[in-house]
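Below: one structure in structure tokens.
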Amino acid sequence: MNLKELYQEIILDHGKNPRNLKKTENFNKDAKGHNPLCGDKVHIFLKLNDNQKVDEVSFEGSGCAISMASASIMTDLIKGKEVNVVKELINDFLEMIKEKNSLKSNNLSEDEKTKLMSLSGVKQYPMRVKCATLSWHTLTSAINNKNEEINIEKFD
Amino acid sequence: MNIDNIKKEFPIFNNKVHNNDLVYLDSANSSQKPQVVIDRIYDFYSKEFSNVGRSLHYLAVAATNMYESTRSSVQKYINAKDANEIVFTKGATEAINLVANTFGQKYLKEGDEILLTELEHHSNYVPWHYLRKTKGIKIEFADVNDDGEVTIENIEKKITPKTKIIAVTHLSNVTGAILPIKEITSLAHSKNIPVLVDGCQGAPHLKIDMQDLDCDFYAISCHKMYGPTGLGILYAKKKWLEELPPYQGGGGMIGEVKKEGITYGDLPNKYEAGTMATAQVIAFNESIKFLNKVGIDNIIKHEKEIMDYGQEILRKNNSVRLIGNPKEKGAVLSFTLDGIHAHDIATILDEDGVAIRAGHHCCQILHDKLGFAATARASLGIYNTKEDLDKLNESINKCKKIFNTK
Amino acid sequence: MNIDNIKKEFPIFNNKVHNNDLVYLDSANSSQKPQVVIDRIYDFYSKEFSNVGRSLHYLAVAATNMYESTRSSVQKYINAKDANEIVFTKGATEAINLVANTFGQKYLKEGDEILLTELEHHSNYVPWHYLRKTKGIKIEFADVNDDGEVTIENIEKKITPKTKIIAVTHLSNVTGAILPIKEITSLAHSKNIPVLVDGCQGAPHLKIDMQDLDCDFYAISCHKMYGPTGLGILYAKKKWLEELPPYQGGGGMIGEVKKEGITYGDLPNKYEAGTMATAQVIAFNESIKFLNKVGIDNIIKHEKEIMDYGQEILRKNNSVRLIGNPKEKGAVLSFTLDGIHAHDIATILDEDGVAIRAGHHCCQILHDKLGFAATARASLGIYNTKEDLDKLNESINKCKKIFNTK
Amino acid sequence: MNLKELYQEIILDHGKNPRNLKKTENFNKDAKGHNPLCGDKVHIFLKLNDNQKVDEVSFEGSGCAISMASASIMTDLIKGKEVNVVKELINDFLEMIKEKNSLKSNNLSEDEKTKLMSLSGVKQYPMRVKCATLSWHTLTSAINNKNEEINIEKFD
């Protein structure tokens, strides 16, 4: 276990000053996520353009440093990407955080990979994995346009 | 692990009862516990104790993982499709109450029928009886035949277009009859009727495969399965657990809670309100491991051998009347003795260290039908031996001597 | 038994967590177990195990006597009038469900009101919520004030002619507020309203005297009272247990069972359906003996000293915000830390062996009111010391360092 | 523990051939008793005459040797006695069976005392005490003309 790996500078920075923490105007997809055990909540807003690219993305919510950083990094990362690429990234991230030690996507720059990998410290903290994954699961729901609230318990 | 000298895994047998070795023939009531289970409880409380699910600290995380690990073990042991189909309860009785209450709430209305059998334990009757009062439903009982069995034909006879659920025992705790569950579920499902199986006696003694039996609900008593007291299991097909309303309400089973309303958590949390029997669940994993080590096929073979032997010697004993003679029979030998009441038998046997049960065994309807207020019951567990049954027979002869009967 | 070095009675403290001594500050969630309780469970299973009530053999008789002996001990400990007013349940949550369900069935109808408080644990809200749906009743909440208390005035304000029962916590598991139960019952009874007290946090930390409090129902969680998991207690005045309908149905709680109908057993059997948590009940007697040996007055004094010390050092710590400031306060210190979320605090503290809880503590309504989704909570037990709270404070400072906050 | 004391000749005799096992005609008081744990049942019929003396008494029921012997001996014993004496005897018997080692009544002959004391062997068998007391409790109910069925659990 290693707190320094969990709370890397980049996590603390995104946790404290989350990017894209607002409600996108004219969003055309959204979903809410909720972890009943700890009370974390997130609401993702997506604006896809006609080419199925993410024009804008933002989130509202509250939670621990890990969950806020995860949502912040995630929203930064997917902006401008195509929905299919985003779906691939979600899987890649979830696999990394749960089982694998690296990201395999070809659609990420080294810099982006480094950012995402900063979340890998939660691996050693199984109860905190949910904090890191809530926004990603919720993003999937938003893309699939599920209206029901996502309860993270479903995913584990 | 060799079943022939498995008694030594159970520390209770190191103790004397009235200066005699303990001949424990009351396993249908509750089974004794192997050392591994007792040790696990001890170690958990001494070194690892924490509540599960709620806290994030080291002990809580470890306990939560161990707790969920038992759920997976149970899932595998009973071959359920999904670990979320395993709900921990305080006992089989609660498991049946849970189903009767929630199923009744959602699906039953006046005039609907529930089909039980004359073999049912009070725990598989009283919860349904409540629905007579609250919902105006009717209860039908499939007949038990002279051999102490309930046949598929006798089930079929009592099914009507109004039958909404069938609730039957897997293995009678009095006659030992094993019911044809697969045939019952297949018949019932062909008429769109769900089936609850009271698996209290089935689970410790039979191979139980949920996907094979295809029942909708299966209730288990962990303390009869070499596990701790205060724990039961409800297996239910996922669709039911998703569709039925929650049962008890409290911490851990909720989604969001507002003054105006509440949403419920997902499975399995929805049905596990409040602090659960943490230590018991964690220790029960050792019971499952123990059963896996011995092997259910060996258990079935061993118990059948002992039971056959017991039936043979008791049949030779003139004044013993065995209750029931089912073709498929599990580890129970109920009997009466001419001229001697079951309670007197139990008291006299006890003096020799032979522990049996006397009474109606929570099956008054069956006893009414049999025409006895009480019977004596010797029930087997994996630790029993032929010698145990020899001692039973000797002590029965002592009863006859004291009562001067032949 | 001297409370100052009572830690040594609890074997858990011989173990290290992440190479640190365990600083256990999660007793409001569940308490650790003294050696005597753990030993009792071990011995019972190893040497004396039997189911209770049903069989006549030696082990069964002994177990039944031990089981009932716990009932008497509990009766004395809480000063109930009659041992039959003690019902064993699987937890406090079940105890409250039992009352909500049976009281609701018999006495509530559309438009009736139930009065809770904003401090209530989900276990003292969800069971009542069910009655909104099934019976169309309304739930009112007495306000919590800025100090995290619920005053008798705030209770009085919400009582109307339609109020049919009041259900309140004895000691808040978040703010530590001790509610004026005697005043509440006296006010309520003057209007003919019964009172249920959620005693989960009261029972381990306060002197609880049923005849003095004069409440109608009191729910206890044994695992928070240095006892085993899977066990709770419902105290209820005898007249209620006699008048209310039974809750779960099954073996042991019946009078006579016929195909046409059922009569129920007398108290306490009526509310103890199925095989009970035998080993847990028997072991809980040791918890009561242990508490009696230490002495509740000593416990109260000790815990107050530790808590006062804790409040003092946390108040001096600039970035700590204590939740609530009730005049009468029990062994709970909830707080937030500027700029650091409760879950991050819990994770960092855990690394130092400091076990606290983070979240809404099953009190979402209170957290909504407080405006926090989550708080951190250090809760005390008899084994805590001033050093434990020093370590808590040190680890809090470590959080600040990691997060670079002041 | 001593089986010989429990199953004395006199108990076995009364158990096997219970006296007064029938339904008294023209009874004017009766009550039913039941022990739900073991299923024992008893129905007591009393015919009191105008002088409050027991003219006739009998019982129906089934149960173990102890309970049958107890009902048999009891009914034999109270025949012809005054109700007040019977009440005293009930108390005397219940005290003897639960706590004391002897009977203190002046209304019993030595022979009657010996008969009653033959039931004292159950003292060593706490779970069987109920068997011995069921008919006595039920007799009380009959005298008091309680119509509700007596559930022996109430008394212990």
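Note that the chains take the letters A, B, C and D in the order they are written out, and that residue 1 is the start of every chain.
As a convention for this text, a residue touches a chain if its C-beta (ideal position, glycine included) is under 8 Å from a C-beta of that chain, and two chains touch if they have at least 3 such contacts.
Since the structure is predicted, the reported quantities are computational estimates derived from the model, not experimental observations.
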item	value
Partner chains that chain A and chain B have in common	C
Centre-to-centre distance between chain C and chain A (centres being mean Cα positions), rounded to whole Å	38
Mean-CA-position distance for chain D and chain C (Å)	46
For chain B paired with chain C, centre-to-centre distance based on mean C-alpha positions, whole Å	31
Per-residue multi-chain contacts in chain B, two or more chains	18, 54, 56, 60, 254, 256, 343, 347, 358-359, 364
Residues of chain D engaged with two or more neighbouring chains	37, 128
Touch-based graph of the chains, sorted into line, ring, star, complete or other	other
Touch relationships between chains, expressed as pairs	A-B, A-C, B-C, B-D, C-D
Residue numbers on chain D that touch chain B, as the complex places them	1, 3, 6-7, 12, 16, 37-41, 62-66, 68, 125, 128, 131
Residues of chain C touching chain B in the complex	11-12, 14-15, 17-18, 22, 26, 29-30, 32-33, 35, 37-38, 41-42, 45-51, 54-60, 90-94, 96-97, 105, 121-123, 125-127, 129-130, 134, 139, 141, 221, 223, 228-231, 248-254, 256-259, 261-262, 273-280, 343, 346-347, 349-350, 353-359, 362, 364-365, 368
List of chain D residues in touch with chain C within their complex	34, 36-37, 126-128, 149, 151, 153-154
Complex contact set, residues of chain C against chain D	53-54, 56, 60-61, 64-65, 254-256, 263, 265-266, 269
Parts of chain B lying in touch with chain D, wherever the complex brings them together	18, 339-344, 347-348, 351, 358-360, 364, 367, 373-374, 402-404
